[in-house]
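Structures for review follow.
Note that chain A is present in both complexes that follow, paired respectively with chain B and with chain C.
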Partner chain A sequence: MTALLVVALPLLGAAVALVGGHRRRLVAPAAACVSCGAAWVCSLLVAAAHLGDAAPAVVGPYVIGTGGIPLQASLYVDQLSASMLLLATTVAVLVQIYSVAYLRGDPRYPSYAALVSIFTASMALVVVADDLFVLLVGWEAMGACSYFLISHHWELEEARAGAVKAFVMTRLGDVGLLFGIFVAGDAAGSYRITDVVQAASSGGIGRTQATAATLLLLCGIVGKSAQFPLHSWLPDAMPGPTPISALIHAATMVAAGVYLLARLLPLFMLSATTMTVLAVIAAVTMLGGALMALAADDLKRVLAWSTVSQLAYMFAALSIGGYSAGVLHLLSHGAFKALLFLAAGSVIHAVGSQRLDSMGGLRSSMPVTFATMTVGFAALAGLPPFVGFFSKDAVLGVAGEAAFHGDAQARAWLVLVVGLVVEVLTAAYATRAWLMMFFGRRRSDVARAEPHESPWFMSGPLLVLAILSTLGGVAVVRPGFLGVAPEPFHAATALVSLLAVAVGVAFSASEWWRLDGHDPSRRLGPLRPALAAELGYDRALMSAVLSPVRVAMRTVVASESDVVEPYARGVGTGASWANRFLRWLHNGDLQRYVTAIVFGAVAVAVVVGIVQ
Partner chain B sequence: MPILYPLVVSSLLFATGTYVVMARRHAVLVLMGVELMLNAVNLNLVTFDAYWHDSLDSGQVLALFTIAIAAAEIGLGLAIVLLVFRSRSSINVDELRELADRDEAPTA
Partner chain C sequence: MSSLVLDALVALPALGALLAAAVPASGHRLVWFSLGLSTVVLGLSIGAWVAVVDSGPGFHFESDASWIEPIGVRWTLGLDSLSAPLVVVTALLSWCCLVSLVRRAPDCGGSRQLAALVLLIEAGSIGTFVALDLIVFFVFFELVLIPMWFVIADWGDSHDAEGRRRAATRFLVVTVVGSALVLVAFLLLRSETGSFDLTVVADRVRRIDHGRQVAIAALLLVGFGAKVPVWPLHFWLPDAHSKAPTVGSVLLAGVLLKLGTYGLLRFWYDVVPAGALEVAPYLGGLGVVGIVYGALACLAQPDLKRMVAYSSIGHMGFVALAISTMTPQGLLAANFANVAHGAITGLLFFLVGGLKDRLGGTTFDTIGRGLYGRAPRLAALFAVAAMASLGLPGLAGFWGEMLTMLAAFSPNPALPQTTYLVLMALAGLGVVLTTGYFVVAVRRICQGVGPGDSLSDVASDEWLAWAPLVLVTVGLGVAPMAMLWSADGGASLVSAVLSR
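The block that comes next holds the complex of A and B.
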């Protein structure tokens, strides 16, 4: 029942913030922070009860008859749900505290705080739902909240465009998700996730059905988690407030896709086709995302592309069956990516620009942000002893294990090789962004007055997340809390990946020295503008998808106005002319009526005579 | 007597009546035209009654009926003519056009 509270409390807080937020200035921040904090306490209780070997808790089911397979509204909390709840509520409460300072004086703060709370509640609903349709409710509510939050600054053209793009692209995937739910529920005879997983692991679902269901579900997962080919909404969602980016990228929204895949992994494991598709998608996405992140000029876009790339890491791990590796990376990425985004927000707050080349030399003026963001970048690059090192090692370890001993070796090799290449790139872009932000000369021509450290409401959450990103490794080395067999430390892959990280760092650092404090990505040469333009993916999408649709639209409009409309119009015109004629006849002259009657009668008589 | 004679007479009567109704403007004359047409019909009824030797003499009965109705109708018609003349001091049927479909109120 505590899990239900995690869903209900933020909703309550949202209602209070919405109703009272505009009357008193303190109501909205208090309601938002207190409700999310209470939800966090509840999820701590849940985690204390359910991490480790504890048996999962079930609430319900409340069966709703449909005439077909019934809906069974129920909650299910196991190790995965509990850890996801903890992650989501931790990030949410920190984001709420941070937003109090970040959005100080914003007239839309009450609705913003309420939407963040609803967002958190939706994510909590997704991770505790035990019915695919209950999950879908939370899933869609999150999509709607992300739309509203990305378009928070709706007076900006790009914010509106980004929000619409995010909504449309995730909805596109959700169509697949909905049909995937139908197919999976039909195959398993129940929409309960536990029943579906049970049926999948006991052989109750055929291979063909599993392939159909998982490929459809994968559409929704790819859309929600911004994987190729539905990845481009995530970087375009950056005009939203920075704390929202932290929330979307770390703990909710994009994490929901990975969560669903991890939750239904036994079903996905039935279909080698889906897993291969997933591995290829993950490989393409992680490589592409890392390259884009290396070339992007905008700090938030760097982080966004890095999220795309890191999410692909999780999918890569899951595609070779590395359940705990994928989930661990999800959790550790949640911690350090939230840290990076909140720290980026702090920098943007101080500098007044998101462009990397307008920053520089911020090391001395923003010491807390510098220290915490360094931890974040180190975790992102995978440096020991930060949390990212351990979770990436888990991923690559599983890949290495499968590549040498497993039965899906092609997939595992793909993941292993691309994963190592991406390690190099990740280290390179993390170092590049770090150097460009905090070292070198201050670009005073673009920046506002003297950059200053952010208030404690903003740097406090940074410190908490930095501690989590540093000490999280301790929890990650002992992944028994997920209730699965602990993964041993993989010495061989760890060594190779450390080497890869060193290569990446060395590349950026040496270019930085060689170019005397200029963007190291200049070394990419002619590739750089192409990458910065994101390889024209959006334009290609536009010409491949939108142009045919536009042509079809124009055809429909033309056929409507030139073919269908004249008939409709003709009826009107005909009636109008008939009306004019009849009015002319009906002029009130009785004798004319008589004349008409007489001649009409004669005409009828003549016609009848002729016909007979 | 051949049936043609009364039929021709009745046709002429009817045509005359029709012409009067269609062409004359004076309301009383129009009523007289109507009367002519009715009587042409009466002549036809009686003619065919005699021609077919109808045992019930329904043609004659109907002719009597029509005469009664014509009398009532002419009384009513003359009353209307009288009222029209009183209200607008003219009984020109051309000018009685209030039943026309008009957008605005008649000016005349």
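The block that comes next holds the complex of A and C.
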């Protein structure tokens, strides 16, 4: 029941913020922080009860008849949901605290705070739901919240466009998810996740059904977690306020896709086809995302592409059955990516621009932000002893094991090789952004004023996340809290990936040195403009999707005016006597109409009589 | 269980309409009187629904009296879990319409006549939903058209007297032609079974020659289809909506369209299921065409009110698809989607009407951008209604559409399964297109930089009129069992019919 409170409390806070937020200045921030804080405390309690060896808890089911397989509204809390709850509420409460300062004086703050709370509640619902349709409610409510939050600055064209794109694109995937739920539920005879997983592990679901269900489910997962080919909404969602990006990228929304895949992994394991598709998608996405991140000029876009790429790591791990590796990297990424985005917000707050080339030399004026963001970049690049090093090692280690000893070797080799290449790229773009932000000359011509350290409401959350990103490695090495056996430390892959990181760092650092403090990605030569334009993928996709819609739209409009309208008018003229007749009725009384009905009925009856 | 509850549900608004039209008192006082009366009807209908849910399948509150003895027409009324929610929606929307008339007289005056017509529409619609005699059903079905014609033709768009007449007449002609076909079907049923009584007809219908049953089902399809409206019989709808006054649009979308879907559900499922199975795929196909076509037309609309009207075609397409699956699940889905559409589209038309009151028009250009800044609460309500209409889970619209697609995933075994899979997939495409045009509309009017005028935000009487619809939308979305549970009785009734 405590898990239910994690869903309910933020909703309550949202209601208070919406109702009272515009009357008193303190109501909205207090309601938002207190409700999310209380949810965080509740999820600590849930974690205390369910992490480790504890048996999963089930609440419900409350059965709702549908005329077919019933819906069974129920909650399921195990190690996975408890750790996801903890991650989501931790990031949410930090984001709420941070936003109090970040959005200070914004008249839209009350609705913003309420939406963040609803967002948190929806994510909590996703991770504790046992019925797939209940999960879908949280899943799509999150989509709607992100739509509203991305368009927070609705007077900006790119915010409006980004919000529309994010919503429509994820919803396109969600239709697939819905159909996947139909197929999975039909195969298992129940829409409860526990039943589906049970049926999948006990051989109750055939291979064909499993392939159909998982491929359809994968559509929704790919859309939500911004994987190729539905990835382009995520970088475009960047016009939203920066704390929102932290929330979307770290602990909610995009994490939901990975969570669902991890949750249904036994079902996915039944279909080698789906797992191969997943591995290819993951490989393409992690490579593409890292390349885009290397060339992007906008700090938030660098981080967004890095999210796309890091999520693909998780999918890569899951595609070779590495459950704990995928989940651990999800948790670890949640900590360091939230840190990076919040720190980026702190920088943007101070500099007044998101462009990397308008930053530089910030390390002395923003020491806390510099220190914490350094931790974040180190974790992202995979440097020991930070959490990213260990979780990436888990992923690559699993891939290495499978490549040399497993039965799905082609998939595992793909993940291993691409994963190592992406290690190099990740280290390179992390170093590049780090150098361009904090070192070199300050570009005072672009920056609006003397940058200064952010208030404690903003730097406090940064410190908390920096500590988590530094010490989290301990949890990764001993993942007993997930109820799985600890991963052996993969010394061989760790050594190779450290080498890869060193190559990446060395590339960026040496180019930075050689170019005297200019963007190291210039070294990419003619590739750079292409990558900065994101290979034109998005424009091609949009025209490929939108032009048939436009054609269909024009056809419909034409058919309405050229086909339907004349025949409607024909009806009108043909029945102009009816018009006159009705005017006559209008002037007359009810009796006339009754008489007319009777006559009409008699006439039809006569016709029927003749026909018979 | 014989009682006068249903007679009262029909008679109270009808008498009220007569009084409001005939008594020479000030218009304002009579609107209040109508509102009071409709409050009673609303309370009574909710009580009746609860009682029906409690007492399970079958008809309740039956009332039976002789009427036109020579041709065997009896005044028989009854309420079951299929009709009860629709009666409540009718009573609720009429109540909301009357609340909206209390402080806001129409441009051309005559609010008491308009209130009388609203009551008359309410009486006729409730009568249609509770009638258990084919002729009583038909009389009420027709009766609703007359007040609606007046509402559109006399209180419609004040800038276009010719256009509103044309729209009203087009609406009337199409639906009257449709009802003529329905009447033919009824007379065929009578000649085959020797009765106008719904339950008797349903009992004896198995004796009818199969071909006849198919013919009857087809007649009903076209007849009710014109009312729903099923594509391509939809052409009267956008004009009727764009010319109608706000209360007219609300009742037209929320109540009158439901007469068609209710008729199909009642007569296809209860009376001629065997015949309906033969023509059901056509309804499903036309429904899906309506979903996609309506969504594409919405994307191209320059006028918000017309857009909402076309969105109704899409939503009724879902109901048509649900009906065409001929399963208990389809019946539940159709019933749920009916109620959800009544609340959501009613709310959307009220909001559009609110914009029209403030700005004098409903084209996107007239409304302008930036409503989030100019009238934040109104804009937020519109955004919520748009989310509900595009089928966001957690709001009412989702469950109807989801259950519809689920029903299409496993239709009646006698139907072509692959066809229905394709229909389901196309309906899913329609969901994405629907999302597209609603977010584009929100972007167009709510977001962006407005002209800088400041509009009056939602007034207290508007809150009162709109709040029940918001509550129903959110309530049914969060707790869909409210509808699914009550309609289960109907499902068991239907499954009994379908399986025999």
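Throughout what follows, the second predicted complex is superposed on the first by the 568 of 612 C-alpha atoms of A that agree within 3 Å, B and C clash if a C-alpha of one lies under 4 Å from a C-alpha of the other, contacts with A are read in each partner's own complex, and residues count from 1 in each chain.
In the analysis below, a contact is a pair of C-beta atoms (placed from the backbone, for glycine too) under 8 Å apart; a residue touches a chain by one contact, two chains touch by 3 or more.
In this text the structure is predicted, and so the values were computed from the model without any measurement.
Q: Tell me which of chain B and chain C touches more residues of chain A.
A: The partner that reaches more residues of chain A in the superposed model: C.
Q: With the two structures laid over each other on chain A, which partner does A:Arg23 touch: chain B (first), chain C (second), both, or neither?
A: Neither chain B nor chain C is touched by A:Arg23.
Q: Figure out whether A:Trp139 sits in contact with chain B (first) or chain C (second), or with both, or with neither.
A: After superposing on A, A:Trp139 lies in contact with chain C but is clear of chain B.
Q: In the superposed arrangement, which partner chain does A:Leu178 touch: chain B (first), chain C (second), both, or neither?
A: second
Q: Looking at the overlay, what does A:His405 touch: chain B (first), chain C (second), both, or neither?
A: Neither: A:His405 stays clear of chain B and chain C.
Q: Can you list the residues of chain A that touch chain B in one structure and chain C in the other?
A: The answer is residues 586 of chain A.
Q: Under the stated contact criterion, what part of chain B meets chain A in this complex?
A: 18, 21-23, 30, 93-94, 96-102
Q: Given the complex with chain B, which residues does chain A contribute to the contact?
A: It is residues 583, 586-591, 594-595, 598 of chain A that touch chain B.
Q: Enumerate the contact residues on chain A facing chain C in the complex.
A: By the definition above, chain A touches chain C via 62, 64-68, 71, 111, 133, 136-137, 139-141, 144, 147-148, 151, 154-155, 160, 163-164, 167-168, 171-172, 175-176, 178-179, 182, 186, 549, 552-557, 560, 564-565, 567-568, 571-572, 575, 578-579, 582, 586, 593, 597, 600-601, 604-605, 607-608, 612.
Q: Can you list the residues on chain C that touch chain A in the complex?
A: Residues 139, 142, 146, 149-150, 153, 165-166, 169-170, 172-174, 176, 180, 183-184, 187-188, 191, 232, 235-236, 239, 293, 296-297, 299-300, 327-333, 370, 372-373, 380, 383, 387, 392-394, 398, 402-403, 405-407, 409-410, 424-425, 428-429, 431-433, 435-436, 439-440, 443, 446-449, 480-481, 484-485, 488, 491, 495.
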